[in-house]
Amino acid sequence: MAKPSLLGVCVIGTGRAGMIHARNFSSGRVPEAALVAIVEPAEPAREAARRELRLEQVYTDYRQALADPAVDAVVVAAPSERHCSIVVAAARAGKHILCEKPMAMNARQCDEMLAAVDQAGVKLQIGFMRRFDAGFAAARQRIDAGEIGRVVLVKSLTFGPSIPKPWMYDIRQSNGPLSEVNSHDIDTLRWFSGSEFEEVYAIAGNYRSPDARNSHPDFYDNVVLSARMKNGMQGSICGAQGVRYGYDARCEILGENGLITVGSLAAAAVTTHSAAGSTTPIVRSWTDLFQDAYRAEDEDFARCIREDRRPRAGGIDGKAAVEVVNAGNLSIRERRPVRLDEEGATAA
Amino acid sequence: MAKPSLLGVCVIGTGRAGMIHARNFSSGRVPEAALVAIVEPAEPAREAARRELRLEQVYTDYRQALADPAVDAVVVAAPSERHCSIVVAAARAGKHILCEKPMAMNARQCDEMLAAVDQAGVKLQIGFMRRFDAGFAAARQRIDAGEIGRVVLVKSLTFGPSIPKPWMYDIRQSNGPLSEVNSHDIDTLRWFSGSEFEEVYAIAGNYRSPDARNSHPDFYDNVVLSARMKNGMQGSICGAQGVRYGYDARCEILGENGLITVGSLAAAAVTTHSAAGSTTPIVRSWTDLFQDAYRAEDEDFARCIREDRRPRAGGIDGKAAVEVVNAGNLSIRERRPVRLDEEGATAA
Amino acid sequence: MAKPSLLGVCVIGTGRAGMIHARNFSSGRVPEAALVAIVEPAEPAREAARRELRLEQVYTDYRQALADPAVDAVVVAAPSERHCSIVVAAARAGKHILCEKPMAMNARQCDEMLAAVDQAGVKLQIGFMRRFDAGFAAARQRIDAGEIGRVVLVKSLTFGPSIPKPWMYDIRQSNGPLSEVNSHDIDTLRWFSGSEFEEVYAIAGNYRSPDARNSHPDFYDNVVLSARMKNGMQGSICGAQGVRYGYDARCEILGENGLITVGSLAAAAVTTHSAAGSTTPIVRSWTDLFQDAYRAEDEDFARCIREDRRPRAGGIDGKAAVEVVNAGNLSIRERRPVRLDEEGATAA
Amino acid sequence: MAKPSLLGVCVIGTGRAGMIHARNFSSGRVPEAALVAIVEPAEPAREAARRELRLEQVYTDYRQALADPAVDAVVVAAPSERHCSIVVAAARAGKHILCEKPMAMNARQCDEMLAAVDQAGVKLQIGFMRRFDAGFAAARQRIDAGEIGRVVLVKSLTFGPSIPKPWMYDIRQSNGPLSEVNSHDIDTLRWFSGSEFEEVYAIAGNYRSPDARNSHPDFYDNVVLSARMKNGMQGSICGAQGVRYGYDARCEILGENGLITVGSLAAAAVTTHSAAGSTTPIVRSWTDLFQDAYRAEDEDFARCIREDRRPRAGGIDGKAAVEVVNAGNLSIRERRPVRLDEEGATAA
């Protein structure tokens, strides 16, 4: 019995998310797919990845990968501002695409990507891996099963330990933490409410990033966003960067008949009880918390291609999140609620 | 050794909160204070209270109680709209006052009350009993001890099972759930942030009260409020009435170095593990959850009078919460952020 | 409407348990009962209690209290070895009795007490206050409701911070931790299994009490006891004294269809999440953990007398626990399983 | 850069444990190792495994695998009674061995296996995968770090949903649940106490297996074992089969200065709060709970071979557990404590 031909995957960008995908596709952790190459312009990172992954093929430019016939699909884990051009080129080269969040910097870019993907007939999946997390997925099932009745309010928070990098300081360029961190929460609200955003209001401030304070007074590392959804439901999102206690991603869904809570800070089921109290270790990083979710996401990506079906989170979902990011940043700047259908609301 | 003369307490209003106070002061549960009378205009409630509390003295009108020399102090648990006139009269009669939240309907009323109390030299304590709850108080101590560094964001929620009563439907008259339910959360934000509110933005909707829908389209039973505090911190409050799973009052305080979480849904430390999962009973009512806090509050009220010191939550705190309620309701009506120092922001 | 005559209560012994009862009956915390006197031979303790409780009547000898017509009932919180003589005398004096655990030192003493109580027609309640704890009582209700089917195994542990006192070092005299600490667990096993003990096996050691090591090699501060119940169920008890993390009383009931877990270490619903992990305060003492249970126990004692009904835990329950203590200590000494119906098994 | 030659692994037995190992070694989930064959005498199981694992080589007899030069190492997941003969043969064939627990049926078999392995100079690892579980491993680190001082008592329980199979009914043949289920708890006690067992006492009964009752009155599906460890520490183990709420593996370590609790029933970090209470899903199977532990175990096995070092759990550990199983079963039969160094105590 011969092995079926494996899906050849190339990961573009070897940052933390890129390496998670690369490790998943390497060594067969994802059935019927295999890592065949990576793209990384920076030499030391490229060599480290080549060694760790025992890869024969590494590229410095994504265009080389797109020309490689062994590459059937790409994972786009390059800086967010380059997502648009890479995805468009990948689609034109006939490659299936798993694009990390945020999908792009603004709605216009998303439209361009959607058109290219549509025209090429390739799959585009957006890296909202929480949709593949056991707890979040169980919450969705419980909502669907009617356990809490009609959803009224979805609250989602992401507090992470990453120190904002200087490239993020200029919010106009980077789209800031709403984009880099809270894209996940935005997608969760859409996913659990089954609705698009209608209007958002956000407040933000810089509490832990003194380096950015003088040069970039607009920079924020803490944000509170409230939302009216189109179907009348309510939403609330909190985001924080540089927190010093661990990685914290929790969600609460209030329905007419009950409440669902998702997420836990506990890194392991071990607690020490001493004179200082009961102490449980906290999850240190999203790479630990969502390790299984990333694997399930990568598996589903391969399966979507094989079975020719629609990804659980596609370009439409990516675009919707980008629009909320842009509207949220506008709300922060202008200190007023912003409707998603306002002129210019969803431009960066 | 002769007993010292006890503080004579009269409880005005025998609704749920009134009866909690009445039971505490009855039968010596509060040292050095004793319930000497109640005021209740409705005959059946008055008789039921008289029987349960074994009281000899019951009044139908609070003015009778104010004329009673055995009454040293009153607990004002009458409908919120009557707080102002009762408190002013009680102060003029030289009685110390524990006034339930909300203190009053608007800032002007609060000012009137503060002036009367000030002139009479009596104590005025506002019923923010969460300040006396073991968990909330421990959180405050931990913040003071620097366990999480400078506070960045305070999130507080109160979701309760009470079905909104028709008198609450007209928000302009009743001040709505923000007043009746979330006064506690507003006080918690001030208490934990050590700051006044600067600006609020709130969204609200009616999800579980179909009876009110046609007659009172402005009525809401679910609200999300975000706040900028004067010292730059952030706040987030959620409120819900008529939830069907229990009484839920939780708070999270994000600091520069850590997070404090307060509150629990568990009604008792007992869990059944069966094929249906692990199931723990949920607190059914604030009367259960905060039973010890009410007793501690009543004890502290008596102690403040005896030791002639300032109550932990006084008229200033009551007024500040009323102002935020009014600004929040204005924000809901006008769909825009409202600064507390705007003209008219804190009028009802 | 005149107050009904109150039940006059005298507390004999003003140690920690005695003062809990004294405070409950003082100042009306227990409806329709009132503390009228205490008995305490030691002068400083007696005076401290008199002052705190604002008592006019204090006695140095329990016989004085038994002669006082104002005393309708006594709470026996004297040292365990004196329980028998005091209870017998109290019964003969026609006083109702709430006797702290352990009921006595051996089965013979218990029989003497039971006979005296029976003859006098007074109530005898044993201080198994866990039967009045919300969590433990809910567990019993859930068992009765069939939530876990027929009970198979009951596990109960009590780990406490109290350092064993020298009077406890001679196990033959004091009956040791099995008596002073684990009487509660023994009662819990009987209560949850609905069965008497058939056979016990216990191992014990001294791990934290170096002072006792040389003079009393038999002394133990840690014990593991397993039991066959008469109805075929299994039991397991662990006890520890001098633990340094708090007071820990938990129970698990394994049934044919599920498991019930009872108890929690959390002293308050507050957790700090920091780089050191998530930390929750631990209950420091049984006086905190079971404060509400003691009050409910005292209320039920007064109600049993008023309504002339059988106490929830009576002399039969007290004697059964004493027998298991004695059999357990014999098992420790002889390193073998001991049947409760063996000759001499339940003599001290 | 050429790939290093991979370790060729053959899994013997395709039951649940066997398939976990097979899936881990298949498709590269374990770096530098690869599944090259399986052994399964039963045709349907063999074909199912072949298909799922896309294997070219499957064997019906383990001797064929031992003759295959592509096989460098075997995982022995055959019925326990066959472990001895397979391991001895594998050692003689120069194959490294990961042998599932229990290692064998008695100490004599273990000695034979140890001698064969020793002579052949191959690795023998025993499948105590809890040593690789994040929570259990963290507990061990915390003990080593002195967080709770010297260990006093280790309690460990395993309650599982598996219905005992008829082959297990004859305890003399099968060694029963102590062997099949509690081998893990026995190893945990040795691991956390750092000591061998000195004496055990066990009680057991059949509560959920009516089919076995008449034919095999000695069969038990519930067991409570207490132990004296050689270094003076205490141990307590509970085991249950056929429980209907899920898979439950928890441990508590009481030290001089604190307590460590390990394990959790929660299958996912999701809870529904409704009128029925707060409900969290329970882990259904050890295959879910210990999935990561099995992978870590398999990785460590490959690494031990590559780096020529001693496995974390070796034959000595396997033998020690078998001896405790035998002593425990003898204690159940003879209703008395059994010393491990008694004549005949550790024969089956």
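The letters A, B, C and D name the chains in turn, as written, and every chain counts its residues from 1.
Assume a contact is a pair of C-beta atoms (placed from the backbone, for glycine too) under 8 Å apart; a residue touches a chain by one contact, two chains touch by 3 or more.
A quick note: this is a predicted structure, and the numbers were derived from the prediction, not measured.
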item	value
Minimum number of chain-to-chain touching steps separating subunit B from subunit D	1
Distance-maximising chain from subunit B - centres being C-alpha averages	D
Length of the line joining the C-alpha centres of subunit A and subunit C, rounded to whole Å	57
Gap in Å, rounded to a whole number, between the CA centres of subunit C and subunit B	39
Subunit B, residues touching no fewer than two other chains	244-245, 248, 257-259, 266, 273-275, 281
Subunit D-touching residues of subunit B, taken from the complex the two chains share	244-246, 248, 265-266, 273-282
Subunit D residues touching subunit A - in the complex, by the definition given at the top	1, 3, 26-29, 31, 50-51, 54, 56, 134-136, 138-139, 142, 147-148, 257-264, 266-275, 281
Touch list for subunit D against partner subunit C, complex	150, 152-153, 155, 159, 201, 203, 205, 207-208, 222, 224, 226-228, 232, 234-236, 238, 240, 243-245, 248, 254, 256-259, 335-337
